[in-house]
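In what follows, a structure is listed as structure tokens, so that the remarks can point back to it.
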Amino acid sequence: MTWEVVIGLETHAQLQTKSKIFSGASVAFGAEPNRQACAVDIALPGVLPVLNREAVVCAIRFGLAVGAEIAPRSIFARKNYFYPDLPKGYQISQFETPVVLGGGLTIHVGEHEKFVHLTRAHLEEDAGKSLHEDFHGKTGIDLNRAGTPLLEIVTEPDMCSSAEAVAYAKALHSLVTWIGICDGNMQEGSFRCDANVSVRRPGAPLGTRREIKNLNSFRFLQQAIDYEIQWQINEIEEGRKIQQATVLFDPDTGETRSMRSKEDAHDYRYFPDPDLLPLEIRPEWIAEVKAGMPELPQALQHRFQSAYGLSAYDSATLAATRDTASYYENTVLAAGSANAKLCANWVMGEVSARVNRDGLDIAAIPLAPPLLAGMVQRVADGTLSSKLAKEVFEALWNGEGKDADAIIEARGLKQVSDASAIEPLIDEVLAANQKSVEEFRAGKDKAFNALVGQIMKASKGKANPQQVNDLLRKKLSG
Amino acid sequence: MTDLIQASLKELSSALAQKKISSVELTTLFLDRIEQHNPTLNAFVTVDRDKTLAAAQAADAKIGAGGMKCPAAGTAELSPLCGIPLAHKDIFCADGWRTTCGSKMLANFIAPYSAHVVDQLNAAGMVMLGKCNMDEFAMGSSNESSFFGPVKNPWDTGCVPGGSSGGSAAAIAARLAPAATGTDTGGSIRQPAALCGLTGLKPTYGVVSRYGMIAFASSLDQGGPMAKSAEDCALLLNAMAGFDPRDSTSLERPAEDYARDLDKPLDGLRIGLPREFFGAGMDDGVRVAVEVALAEYRKLGATTVDIDLPNSSLSVPAYYVIAPAEASSNLSRFDGVRYGHRAPDYTDLNDMYAKSRAQGFGDEVKRRILIGTYVLSHGYYDAYYLKAQKIRRLIAADFQVAFKSCDVIMGPTAPSVAFRFGEKSADPVQMYLSDIYTIAVNLAGLPGMSIPCGFDRDLPVGLQIVGPWFGEARMLNVAHRYQQATDWHTRMPEAMK
Amino acid sequence: MSLSLDDVSRIARLARIEISPAEAERTRDQLNGILSFVEQLQAVNTDGIAPLAHAVDVVQRLRPDAVTESDHRAAFQAIAPETEAGLYLVPKVIE
């Protein structure tokens, strides 16, 4: 019998601000415990929250990027529960009126394209961290992370496999980093997913869902969902009912297990936070944020195809990150759009290979786009052979010479297309290789290629291969 | 000596400026009175003579140097309050001072920062005499809920001083301090001011920053001055009020001089008298005193007009949904993890929470946390909290209509004079009804004050004055002109002379 | 609406306040007293009335994104019940 899987994702993206969402403490990662936890973050009696403007800007950017409605008035609410890493005994979040409503993302799984609808995205504060290593049988609490701004992005239960969930998570990850609201660092917890998973018979009402918390890699997301689906199916097939639960994924065992601490946390007693007033976002503000938005990945891919004649694959590859796209586009701007395809080949080829090999940031490599463009132009106009271009690229990469022309000049790499310079070389080679000449005349085409090779070698690779071909053929037939 | 303890802040200011007395001498006078009377009254929970005298010395140095910035008025002149001692309700955090909020939970809590109000008054050069006793977490109308024991009313030590700012009120009434800060969530400045024969002002919500003021019910809490006279309150409010970027509900408005209109004649003043405040439930002695005061106002040129606040009877029940709901959440931070009381023995984390909170909080606080938890809990939110918030709108709207036909509203501050210890503490609802005339003002965010207007059975009666939003200067003017014509505000208990 | 002893214990558990069996009945009676007092709100017709959270109708002020706080860990932890290595210690948390 078949099963249908229903998956919804809730993603917490830490927003790229300097200070916390409701306090002036730094959000920099990696400080010593509790050194970035100010009076507001540790919830001293009498302290009060004040909303960080930049966190709201991030929410607006996100709303614009996913085509959502941005609420003209949204409300912060308190989510009440006791936990040692939650200093106030409540989390400031948004409940009934979130800042972003609706919208969605297109995902690709193989050939298959799907639109994942978003329910909402809301602003909230992160909690601190509980350190479970043993302090004489106690837990240590670090509140540096408490108050870090989060955007919680909630999908409709639109996904029906772990592959779709991962494709969505990757598309979302790419988008939030693209629009600059999240650094996307999953190891540091900047981007983490909770997956709501349920199974049902086709056509049956929705099954009871279990929520897998805090998945901080795409691989864990896939493994956890796959395990959970199988577990739920087994339970039902063995005649047991699924109980709604919050579960944790253990990467060591590859299994999910119920969280004890969440057993009685189902009554959060949400109510509007009386310390905060309604958040108003006027159309003028949205317009201002919109004006500062980068071109979004999909729009950019379409433009690469129409303006530069790139294939869908090349466009998608070059638009994988904002930095790669901008490196490519700056190269084309300098090289001229007639050379767009050639530029694409070099950026996707040599440049990407080295960036990946050395783990570099493409925005910061020494080979600036105009330098690469200069070289591409010399390939395009025939000054440089493709083979020698690699040598020039290597030199440029290593910072030798001020540009491609200087390297070509200094190393004498200029391609020779002048017949008067090539002909003596041909004569020399023909004189020294009478045997090959005879073989060619006897009808062996291979011999012709051997002769071309000899001539190219004699020119130290600089002779224009086409020219050598033409002149040699003329000579042999003459 | 009687001169100095009866002197107005203006008189003290000029005595200090003219070097007739130093701040150290003046402060010592009050510290000595605290030492003498506090064992009887229990108005102060923390006094630190050395720290206080050091602040007085610093104030003397400023006066000697003759010039410092007064932050409230934004001038380069010496603040008129420089060198004058005052007491703080123990709800305001003061850096390095124990700040208890009247609770065992914070009995050993040394605040590592200061409230905005404390900063402002320190900057003005005022000298902190100590921290005043209060109902635990400001929840009470009699000061009987303090962990540090009840405060006695200086007019009759068998009676309550009112609450929750009962320590502040008793301190001023007994002339242990010339002035004090208080906070008012449902009447906690006005009701003790009435019961102790003082002048107290709760400003418009948002005029005084709540930063560093330990929260009870965030949407209702407001700090304000308590003193002998309206003129004193105006000077204090000048220093206490002002925009604070650390409080999202602090209002960004131009600074104003609340004393600017004190002497304006009252001709043409329209006083609204809510029928609902003059019905049954008020003691006859209180009614007589209030009516005599209204007659005095007519003599001063005012007219009275009957008004209606039809939903005012709902204010107490609405308040006892909204305030406990907010409090239940505000008090969750007291969990024994980062500061405050932690139970000595427990089995696990939840047991640590439950025991620390059971031991650290008193009965009234626990009751309100439980009520608040219940009204917010799943399935009850709409019926209680949302309903109360809707009724809150009706109550606030009543005042908007009323202020179309009057400039200020007057009535009794409390239904009776100070009651005896234990008289109402057995029945929470009876206690809640002590604030029947004051609570609506908090729900509507309006400014309200209480001024002394006579006596009933030798205990002071308070007249409540309510103004429209930002009507403080006008209300102070209305109170001041009355105090120019009467002397109720100058009376002090015989035993404290 | 009247609370049972079970209700009281559920609420007390949510609020993390221990109530001894000896206190439970008195607490229930007092809470029921308060609830029956606030019950009069139910009789009021509030159709079409928006809830009022703050009396003064203003919107949230926004803070510029700047780091304005410095490290006060030593002062904050001087008043803490139990700390070690800069961490607040609590009984073992089991996730």
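Note that the chains take the letters A, B and C in the order they are written out, and that residue 1 is the start of every chain.
Here is the rule we use: a contact is a pair of C-beta atoms (placed from the backbone, for glycine too) under 8 Å apart; a residue touches a chain by one contact, two chains touch by 3 or more.
Being a predicted model, the structure only gives us computed values, none of them experimental.
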Busiest interface, counted in C-beta pairs: B-C
Chain nearest the global centroid, as defined over all protein CA atoms shown: C
Whole-Å gap separating chain A and chain C, where each centre is the average of the chain's CA atoms: 41
Separation of chain B from chain C, taking each centre as the mean of its C-alpha atoms, in whole Å: 23
Separation of chain A from chain B, taking each centre as the mean of its C-alpha atoms, in whole Å: 57
Residue list for chain C, restricted to those that touch at least two other chains: 13-14, 16, 53-54, 58, 60-61, 63, 72, 76, 82, 88, 90-93
For chain B, residues contacting two or more additional chains: 109, 112, 219, 245, 248-249, 328, 332, 335, 337-339, 349-350, 353, 373, 377
Residue list for chain A, restricted to those that touch at least two other chains: 39, 42, 44, 50-51, 82, 84, 141, 267, 269, 274, 276-277
Chain C-touching residues of chain B, taken from the complex the two chains share: 108-110, 112, 204-206, 219, 245, 248-249, 251-252, 311, 314, 316-318, 320-321, 328, 332, 335-340, 342, 346, 348-355, 357-358, 361, 366-367, 369-371, 373-374, 377, 383-384, 386-394, 396, 427-429, 432, 443-446, 469
Chain C residues touching chain A - in the complex, by the definition given at the top: 13-14, 16, 53-54, 58-69, 71-73, 76-77, 82, 84-95
Partner chain B, residues of chain A touching it in the complex: 39, 42-51, 78, 80, 82, 84, 87-90, 141, 266-267, 269-271, 274-277
Interface residues, chain A side, partner chain C - complex: 17-19, 23-26, 32-40, 42, 44, 50-56, 73, 76, 82-84, 130-132, 135, 137-143, 248, 259-261, 264, 267, 269, 272, 274, 276-280
Touching residues on chain B, where the partner in the complex is chain A: 92-93, 99, 101, 106, 109, 111-113, 115, 210-215, 217-219, 245-249, 325-326, 328-329, 331-335, 337-339, 349-350, 353, 373, 376-378, 381, 385
